[in-house]
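Given below, in the form of structure tokens, are the structures.
Below are two complexes that have chain A in common, paired first with chain B and then with chain C.
Presenting the complex of A and B:
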């Protein structure tokens, strides 16, 4: 066996370069295929992560705590008191980097021209600055100052739809404790720029102002918390549940179901691309190897006549494929890694601005080399390439020496 | 109670006859109060027609209405057949609508109060919040005009600080016999947004009255809603059951 290998390996290597053009074309197909898989995988992973982070940073954070029932029916009867001593202690542990309390209720906003449904959020502005990206997204005016701030920060698109502007007055109506819709006028002091769906939904004001408006004392609707490591989230949620039984504590995947589903299917997209590329590579490899075998019928006949067994021919052609595809895979890996490193400063998407807003990604994507991708994908392509090349090899070993010799060269 | 009301009425009528100009010139708030009291009186019953011109054409609705005090009103549509039976009841700050096809009374959530009333340029709020112009605004007399030999007071009303009012200001025109001639709504930049004008003044139930009122929104050119009052009686005795939910659903 070793003897055969020692004999066939150099022969196979030399055979590869007898027709350099064909070899280079095959190398090209394999390496570009693998490169595209690796690059797409990095890009999609980066995009998914960026869009996830960007969305979570707006308001959701990594997890939220509500009173039981609030998520199904976010109204005034499903609020909860501020966190007790045990929960505060649990939230202040180092595996939670930040947390805030908010009052959020559905309401109606009214300008001179329009009346629209919105969600009014009473926030603690100092804590929000640490956990949410909204304070950084103010494009006109200012963010809120303190719990007592009785002005409003609204979204850019909402301002446009209401035909209102900075410094103007809007009326907000929220269902109060007595069941009646409480009205209050707010001065618009800030306009933020997020995605339009978000802008149309959320209006922010000071938490104490809103609590007084709807007459709920110190009650809150939610606690949002942020963890430094997403991997540790499940453990943190468990720990909080133990500290606050009876409250509805959820990780972000269970709060924004769409984002949870997107997160779960992103891997699938990469494998679809992998499947497409594999088919392309297979066709390329089979095509060139089959051609090579047909062209060399005379040669295989000669080898057989010189004493090669038919399995030696099979081995020889398979070796050629192993070397050829292996080389292609190697080049593809190098190209993939080079691409990621070449773009390590991040891909600046800000030029596309509004067009990409719907995807909710941040402005800059940072690609990363994921080790598992660089093991699984190359191995899969190498194995597949060899597998499909068995067919030409099998055709080669079936060649009868007599008939082959009779063929004119 | 009726005695007191009648006496008040008598005093008001006498005052209106004898010294309107003197009294009016001094207090724009009182002028508005007088105009709205003239409009609705202590109670009223009227038959009117509402014509709505919108993008899809013109349609007319006939209606019968009752009001009592400052916060009770019932409007019942009588024609055309498609709309007959629809009714709106305002009692305090609650507004109910009745739809005969559903045979259901619905209390409107306050969030729906800004919606159009029967497809017109009026909102439910326009029906129920007539008092707001008197209580929640600061008033200033900004000029007088002459109209058919009578003095017309032009009053600017600016919302009091903190009141939940979207308008930047309103400008109202009141004739010296307490007839409201017009009401203009301005946004906070001072642009006119919508306007109600009394096109025709007549005498109804023995008092001068804006017989025909037209409401226009400036962002919808060519569209308007016109209410023409055909007959009306004022300061009459109305039974209490009139403004109840059961009467809304099953008129006696």
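Presenting the complex of A and C:
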């Protein structure tokens, strides 16, 4: 076996370079195909990650706890008491990095010019600074100062729509515990800049202020929590469900269905791209190897006449494919890694501004090399390339020596 | 009393028909032929007379439609493709009209190729290949690729390759067809010398009178049949 390898390996390598232009074109197809798969996978993964982080860091976090029924009907009758000792102990475990309690209810905001539906969120500002990006997104004024803070932080676009501004007052109306519509005026002390839909929806104030306004005592609407590793989220959710069996505990994918769908779709896009590239590579490899086999029919006849067995011909052509595709894969891997490494400081998307808001990504995408991608995709392409090249190899080994010799003489 | 030499090749009533029914072409018609050890035989005849077809049958490259070919007493019929490959490798050397060297291998590697298939150890392989190339007058050109050799030199490499494994018989199909007269003369002299010195058996399909001049046995074919078989 080793002898056969020693015989075929140099022959296969030299055969590759008999037609350098064709070999280079095939190498180009394979390497560019793999490079594009790796680059697209890195880009899409980074985009998905950025988009997910950006969205989850606004308000959702990675999981939330609600009273049963709140998610379907987030009104004042579906609130819950603050977490009990068992749930607090569960939330303070090291697999949860941060958690906050919030009171969130639908309401109406009114300025001198306009009345709009919103969600009023009563927050613990100190805790929010650890879990939410809203405090960092203040573009005018300040964020809230404490649980008792009775001012409001509103979104940039909402401010425009209400034709209000920093230092002006707005009226917020929310259904209170007693069923009556409670209204109260708030000073706008801060304006934040997130995506437009978010800005139009959420107004923040101190949690105690809001609890007092609607008369719910210490009741809350949600506990949002963050985990260091998304992969561990399912286990954390299960553990919390065990600690608080009567509550509705959901991971972010079940809260923001759009984000969950986007997350799943991103993986699908990578595989669609992979499939497209694999088809292109397969066509390229089959074409090259068939041409190489047809051109050398006479030579295969000669080799057979000299004592080469048909299996040697099969191995020789297959070996050429192994080397050709292997080299293309290697170049593609290097190019893919170099691209990702070259962009490791991040791709600045801030110039696109609001145009990319629909994709919800952050301003900078950080590409990274995912080891599994650099193992699975090259191996898949290599294996597929060799598989499709077996057909030309099979044809080559079927050539009878006398037919092959006759073709050229 | 001199012991009678055994035939290396025996053709017993071999026929070869290409195509079927009204399109059938009878390339060989009931050929009976023995090639004896040490023969320097030429196989002549006009184009289409069946020379190449007969050489292909003897070289185990093709099967007769009927009849039998025996090499060293072994019938080829019933042998698998792999066994036929082994037989060609071990017992038959080929020289073709169009040189037929592997273009990506040097002269030495082309000659060594057969020895590699025979699993000859590397040092011995090199020694034998260089000796074979020296024998055909190509000392110093061992590392040249075929494209860097003249037609005559390439055919010398092909002869070295055919002989290096010490086959029982060398089959040459129009080996001088593409060569000028000087080179043809040199190659014919070379093959004849190898036959005389080492006793290698040659069966040469040719039109070339310069080859036939050296022939110790001349077989003439017409329309797929042996018309005459004359020993000098």
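Here is the rule we go by: the second predicted complex is superposed on the first by the 394 of 409 C-alpha atoms of A that agree within 3 Å, B and C clash if a C-alpha of one lies under 4 Å from a C-alpha of the other, contacts with A are read in each partner's own complex, and residues count from 1 in each chain.
Here is the rule we go by: contacts are C-beta pairs under 8 Å (C-beta built on N, C-alpha and C of every residue); 3 or more make two chains touch, one makes a residue touch a chain.
Bear in mind that the values here come from a model prediction, so they are computed numbers and not experimental data.
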In the overlaid three-chain picture, which partner chain does A:306 touch, first (chain B) or second (chain C), both, or neither?
second
So in the superposed three-chain picture, is A:181 touching just chain B, just chain C, both, or none of them (first/second/both/neither)?
first
Contacts of A:169 with chain B and chain C, given as first, second, both or neither:
first
Between chain B (first) and chain C (second), which does A:405 come into contact with in this model arrangement: first, second, both, or neither?
second
When both complexes are superposed, which of chain B and chain C contacts more residues belonging to chain A?
C
Check the residue A:3 against both partner chains and state whether it touches chain B (first), chain C (second), both, or neither.
second
Let me test your reading of the model: by the given contact rule, A:14 touches which partner, first (chain B), second (chain C), both or neither?
second
Touched partner set for A:110, first chain B, second chain C, both or neither:
first
Would you tell me the residues on chain A in contact with chain B in one complex that are also in contact with chain C in the other?
none
What does chain A use to touch chain C in their complex?
3, 6-7, 11, 14-15, 17-18, 298-299, 302-311, 400-402, 405, 408-409
Interface with chain B, chain A side, in the complex: residues 107-108, 110-113, 115, 117, 163-164, 168-171, 173, 180-181, 183-185
For the complex, which residues does chain B have touching chain A?
93, 109-111, 114-115, 162-168, 185, 187-189, 193, 219
Residue ranges of chain C touching chain A (in the complex, touch as defined)
52, 56, 59, 61-62, 81-82, 85-86, 88-90, 94, 96-98, 100, 102-105, 113-114, 116-119, 161
